[in-house]
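What follows is subunit A paired twice: with subunit B in the first complex and subunit C in the second.
Moving on, here comes the complex of A and B:
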């Protein structure tokens, strides 16, 4: 690959550019919609850039006036953060011991496969039992109840990811720590978890995104501002007789921000290669 | 007092028995090498001593205390792994001192012990680095340092040199020998490399199929192998094995007119008993009056010696001769050897018969 013809190099760049455009265009269009006046959005021919950018919708959605669209939106934003955050933390806390146990005891690997198998069931199949269960516990329309439901989705996924992460850490390192006199928890805390940091960050990020984007269960199990999440709130914006597409786009932009921020913060931890050098050479 | 006592250790994985009754007794300060090809059970035995695996039956005593069911950390052992198993996220200093840290040794005392070990192994300048910043040989030293610093009763080495290149391996071998001479610790060392075994060991246990084929000093293993397997496993090039039959109180080499006198020390053998005569290539020398007449097929000059592969009747033979011996393919010559260099094995059982 050292010697590339200029034509091939040009082809590479064009391909990369094309890929970037395909990925970024919808996001850009979302932003353009969010700052275009309503008339521009319905204009023919289409206006690609508004004459006067209009940021008023951001103010509307982020206002905290009682009973306003803003109040509903900020409440749902907070609910989403709470639900996704709690579910993610709990899923990681479960996945560390579970993933480690399965990784170090291959003979119980079947149990994880069984859990993953339940994961294959469509959400619809579980909706009614889950609803009855939550109702029985009095946890309908409750962030904790929703977080609990999300945990059932996230935990198998994070456990699976963490298991493969632990698999890549040589057993000898733990055996050496054991002989050096470290207890199980010391070994995990000082040796294994720091080495599993990249995969832990990855599974946390993906778990958070999964919970953040979930719509079906949130729609079924929440009914007002106390527990409604962003995805449901955005759907509500489109539900009335008059849909303000600009407002929906604005909500979309705002909803996309937290995961992006988390991704940026975790970027360093996501870069793996920490295990290099422990064994062999 | 024996430092390590292994009594009738057996290990089965399902129906497969990997260790079939191992007995070894080690005096304090001995360097025992478990030698064998892969799959002979030597690593399993080491793991059982370390406590990383449990024996199916049998007993292990370290320092006159049974360690069955005792956690590895309480066995007073330290192990150097084939992969080194350093902690990649900790500095060399903390890697070496980790065992002391876990045993709650005060920081000042710990630092002193770490620096002592580092000085011994000449890795003092590396103490602040991470394992990924070290070369293979340096990692090896850190792994040894980590074991050394705890001053355990028994050191366990699991093929520690097999990941190093040939030159470094020789250096580390000498280093290990020097360390052992200096510290006089008890060592159990697993390897498949017979040169490592010969040079390092005070005693070698040659293992095969979960059993000890022969346990003895390097000299005994090399000069008086008890079985055909040991005879061929130790030594490079391997020992020459010639099929022979006892005829009228002498040995006639099958497929040749050669007849060798039976050594006087040997116990009486029945006539027409089938034997194998073993002679090391190094024991053969050019001799006009020699008993073996050989036709040279290939002559390979390695530098210090000339390795000649030849044929005597139906039997193949190798000899290590001085490099200046003038021999070419197709040439016929005679080889002689000292009578005590000859080993006799029973062809049916593979056991030594003198």
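Moving on, here comes the complex of A and C:
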């Protein structure tokens, strides 16, 4: 800050370098593993950088040839996109009216607090009845069933984010529109929702990331390519008898790519969302 | 417009959310409570009413007690380490130096990495035959022979905690950094003029601003650490010799591997009770911290 001796400056740069290495080394290693020939990864002493980078595993995993390793992976990729997409849309659709209602009518706020308190529930406390219920409905191993279950996680979170978003839009703007004769839904559609677009986008991204990350319910409620998500497919690879560690790393890179890109591009919005959460609880 | 009309309208707008939440959370929770008093299996019979037998059996079992201790160790050590590392990183990022923006952007990477990918990555790093940790330590001369970090009961839990910390301390750092940036410059300047040293300044000028947000981060991280499942399932499945079998893994085994839905449900509710008590206790602390910071 104010006084900065050369010694202090040196200390700063060494610490910063250390932090950068701690953060980057594991991630870079994941990528290096994905492009190293299998022989390099099994070499002793270990080869830290491949002589000839080998990108073929990406082609292997993304191929859609029947019964190939890629077929299972691309199926899980599609399932993850479908489940996360549907769950996000549904969560936002529930969150907009509920978030607005709580924002404008604080007297019913306790109901949202109750919904948010369910965050404390460990998923195992709901898992058995959800399993039996989905089985009863014939929705085990089904992307719709899984998306429905994901609402347990996504809906409380998005509603709370939307509510804080609506809180920052002045009521007076809505009142003015209504004074001019606009009905409630017209006011919301023309005035409020366009102003709430940024917070809606942030909420949707958070919801998508949460769903993309989910593992426990997907592990329990899916069993094959029809519904298995990426996280389950990767856990299968990691726990299975795959002898090529590079292939596991490649799957990891591909699964991490969307959230990492979203994270980097949307940094500012995500951080302010996270820290608002941190401050307001 | 009248108050009752507003309230009725608000409830109507809440209705879709409430209906869905009752269907996917409320009903399953009530059903879990019901199941916990029966000897129901996961498939087939509904089971007989057995009163509190499941609870008594679970609370008395050595498996539960051991899992509780393992979970507490995992939660306390990883969250404490995340808090300390997070605040240190935030203090660093709050300084002026070249590349600060880039470094701050990098902090989002571990947070964005899916939990399962993080677990898989560290599982590969810890691999007993080809892992990078063994290779790096032997090449640096710090280790004589390759070790099975996740395969030995003595190191498995520590290895898991390191992997968990690496993913989560950057989030604490970002929250702490936002709080640090809210500390008014003139206050730190004034404390400098008054001759406050760096530690006095941290304790009395900066910490009050950090306390509230950090307490909230502490609560959320502790609750999550207490519920931990994913990272452990992918890295060790609770092994070796059950040395990393946390409560969530134990419930999973009871209810789904052994298909004992009744006793699994009672165990799940015991875990829920622990988390709730923790959260309430912390909640009181947060209010206190928020009160003293204001």
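Basically, the second predicted complex is superposed on the first by the 231 of 281 C-alpha atoms of A that agree within 3 Å, B and C clash if a C-alpha of one lies under 4 Å from a C-alpha of the other, contacts with A are read in each partner's own complex, and residues count from 1 in each chain.
Everything below uses one rule, namely that contacts are C-beta pairs under 8 Å (C-beta built on N, C-alpha and C of every residue); 3 or more make two chains touch, one makes a residue touch a chain.
A quick note: this is a predicted structure, and the numbers were derived from the prediction, not measured.
By the touch criterion stated above, A:182 is placed in contact with subunit B alone, subunit C being left untouched.
Note on subunit A: of its two partners subunit C and subunit B, the one contacting more of its residues is C. Contact with subunit C, but none with subunit B, is seen for A:129 once the two complexes are overlaid on the shared chain.
Applying the stated contact rule after C-alpha superposition, one finds that A:42 touches subunit C and leaves subunit B untouched.
By the touch criterion defined above, A:88 lies against neither subunit B nor subunit C after alignment on the C-alpha atoms of chain A. When the two complexes are overlaid on their common chain A, residue A:34 makes contact with neither subunit B nor subunit C.
In the superposed model, A:79 lies in contact with neither subunit B nor subunit C. Overlaid on A, the two complexes show subunit B and subunit C touching the same residues of subunit A, namely 274-275, 277-279, 281. Contact residues on subunit B toward subunit A in their complex (touch as defined above): 50-52, 71-73, 77-79, 81-90, 98-99, 102-103, 130-136, 139, 146, 150, 163.
Subunit C contributes residues 6-7, 9-11, 13-14, 16-18, 20-21, 24-25, 27-29, 31-32, 35, 42-43, 89, 92, 95-97, 99-100, 103, 105-117, 119-125, 127, 129-130, 132, 135-136, 138-139, 166, 170-171, 174-175, 178-179, 188-189, 192, 212-213, 216-217, 219, 223, 226-227, 229-230, 233-234, 237, 247-248, 251-252, 255-256, 261, 264-265, 268-269, 271-272, 275-276, 279, 286 to its touches with subunit A in the complex. Put simply, subunit A touches subunit B in their complex at residues 170, 172-173, 175-182, 186, 190-191, 194-195, 274-281. The part of subunit A that touches subunit C in the complex is made up of residues 1-2, 4, 9, 12-13, 15-16, 19-20, 22-24, 26-27, 29-30, 33, 41-42, 44-46, 93-95, 97-98, 100-102, 104-105, 107-108, 111-112, 115, 118-133, 135, 148-149, 151-152, 155-156, 159, 184, 209, 212-213, 215-216, 219-220, 230-231, 234-235, 237-239, 245, 248-249, 251-252, 255-256, 259-260, 262-264, 267, 270-272, 274-275, 277-279, 281.
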